[in-house]
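As written, the chain order gives the labels A, B, C and D, with residue 1 at the start of each chain.
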Amino acid sequence: MKTHVTGAADDGFTALNPAYEAAVRESFARQTLMSTLGASIAHVAPGEVHLRLPYDPALCQQNGYLHAGAIASVADSANGYAAYTLAPPDTDVLAVEFKINLLAPARGAEFLACGRVLRAGRTLTVCLADVLAIDGGGRTSIATMLSTLIVRPRQPG
Amino acid sequence: MKTHVTGAADDGFTALNPAYEAAVRESFARQTLMSTLGASIAHVAPGEVHLRLPYDPALCQQNGYLHAGAIASVADSANGYAAYTLAPPDTDVLAVEFKINLLAPARGAEFLACGRVLRAGRTLTVCLADVLAIDGGGRTSIATMLSTLIVRPRQPG
Amino acid sequence: MKTHVTGAADDGFTALNPAYEAAVRESFARQTLMSTLGASIAHVAPGEVHLRLPYDPALCQQNGYLHAGAIASVADSANGYAAYTLAPPDTDVLAVEFKINLLAPARGAEFLACGRVLRAGRTLTVCLADVLAIDGGGRTSIATMLSTLIVRPRQPG
Amino acid sequence: MKTHVTGAADDGFTALNPAYEAAVRESFARQTLMSTLGASIAHVAPGEVHLRLPYDPALCQQNGYLHAGAIASVADSANGYAAYTLAPPDTDVLAVEFKINLLAPARGAEFLACGRVLRAGRTLTVCLADVLAIDGGGRTSIATMLSTLIVRPRQPG
């Protein structure tokens, strides 16, 4: 018997917007911070978005590891787009707040921020992201982010 | 192939203290808030502790649902004791901070706070708790807590 | 010249509900957890509510200090009612999430949770609470809580 | 009589490292993410560091406002360096976790992240940052970050 305990994915998510993947890709392309950092989309599914960020010496803190702000940036976008996959058409999703725990030094060849919806509400959505460092065959969880997002009608203009 | 993604349990936890379960039960018995609230231990394993809290009309907010503070109290203790199962003997575990998202109204016959270690460090441990409302056969996730705990040598006296 | 920077109170808050204080007191009286813990209202003003909690050996963690859950409970209610002072009539305020840092052991004769609105929006309000331990003439800040609250039309019944 | 309540600065901070300002500037210069974003130091004092970030269309989210990740990056560094001003010589300060609330859209000509120590402990330091948008003469608080940092002996190499 499988019991749902902490952080277990609710696999039954259904996208309200049949064009959810195109909507995610179109919005992501407008997030200039993502291209400045070098992030790209690795996976899109209802309730789940993974973003990839290669290591870049231009994104580091004082010891040469990736800066927590770079990690937080991709985790925030991964959670935001995970929420966006479940949002109705013609809405926008904005971060209300997030909290990130840094679990290990961010060293590795690349990083994968895996955002996932925990609960999708009419107004607010809660997401959890795991950020993995990938180096050779190894994967290490280096950060966890818990986010609250708000779904709003898209502003004209 | 099973990949570890967000919040997946690290099943390989080993308790450093062979008497970890007795240590958890002895410390829990001294947490007077837990008996004031009516909470009890439901499960103890290395890296994981579940606490049970029956619904009680004396623990509510203004609409008759369990107060977020009561939920946070058992989630905080569940995470603290999950961390404590992995701590060396003669140490104490204290909460540094926690963040909780309330996902749904806390209604139900009883509640289960399932605390789990995400990363156990020498000084700091990070835990994630899921709080479930149980009513008849149904289980609903009503809250998620992400906590940072510190392991310290036990203070004499 | 002193400039208001971090966390400076926005002194210009105006209550939309002329009966805001009565509304706070009436709702607080229905929060049974508050009377179970022994908390009472110390101060109500637009955008600010202080709650008092006397030390009680029935509310402790394993070392005899106040349990973080008891502190979080009064800080959550202080922030919730601070938000409620600025809400329109016939609305309800619910906690979406909160994060608390425990700054010092919670010892003292009594505790004061001072909740204050940082930003009041139409849907979401953000509050910051400081929890002080009071012992003799001394006051020590023992915790800080940052909360997000949602304002909703009151549910009938 | 003025009483210190929520978030009031503890003005009595004393730097243990007489060269604290040089230490902050030297470390900041090694944070390559800060120069990639275009951030610079605006103010350094014991327990307080302000960082300036000009608006840049390369750091935006989908609507042309500054991305929450860019804001979080400078707030995280402001809090980290505020903690660092109070750290002993030959130590390093690392972020354990942080939580940020986005209070308003990040529009403006430039942004000021004002980090301030709430409590400096031997191992852990807690900081609060306020991020202001500056446009013409106006200043708007757009975000608040509550952070936990750890002070560690500097690693050789």
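Here is the rule we go by: a contact is a pair of C-beta atoms (placed from the backbone, for glycine too) under 8 Å apart; a residue touches a chain by one contact, two chains touch by 3 or more.
Quick caveat, the model's predicted, so the values are computed rather than measured.
Visitor: According to the touch definition, list the chains common to the neighbour sets of chain C and chain D.
Guide: Under the touch definition, chain C and chain D have A, B as mutual neighbours.
Visitor: Rounded to a whole Å, what is the gap between the Cα centroids of chain B and chain C?
Guide: Chain centres of chain B and chain C, defined by C-alpha means, are spaced 24 Å apart.
Visitor: Could you put a whole-Å number on the gap between the CA centroids of chain B and chain D?
Guide: That gives a centre separation of 32 Å.
Visitor: Two or more other chains in contact with one residue: find those residues in chain D.
Guide: 96-97, 99, 101, 126, 148
Visitor: Hey, how would you classify the chain contact layout here, line, ring, star, complete or other?
Guide: If you draw each chain as a dot and join those that touch, every dot ends up joined to every other.
Visitor: In the complex, go through chain B and note every residue touching chain D.
Guide: Those in contact with chain D are residues 96-97, 99, 123-124, 126, 148, 150.
Visitor: Could you please specify the touching residues of chain A with respect to chain B in the complex?
Guide: Answer in residue numbers: 3-9, 99, 101, 103-104, 114-116, 118-119, 126, 128-130, 132, 139, 141, 144, 146, 148.
Visitor: Provide the residue numbers of chain D that touch chain A in the complex, in ascending order.
Guide: 27-28, 30-37, 57-63, 67-70, 72-74, 76-77, 92, 94-102, 155
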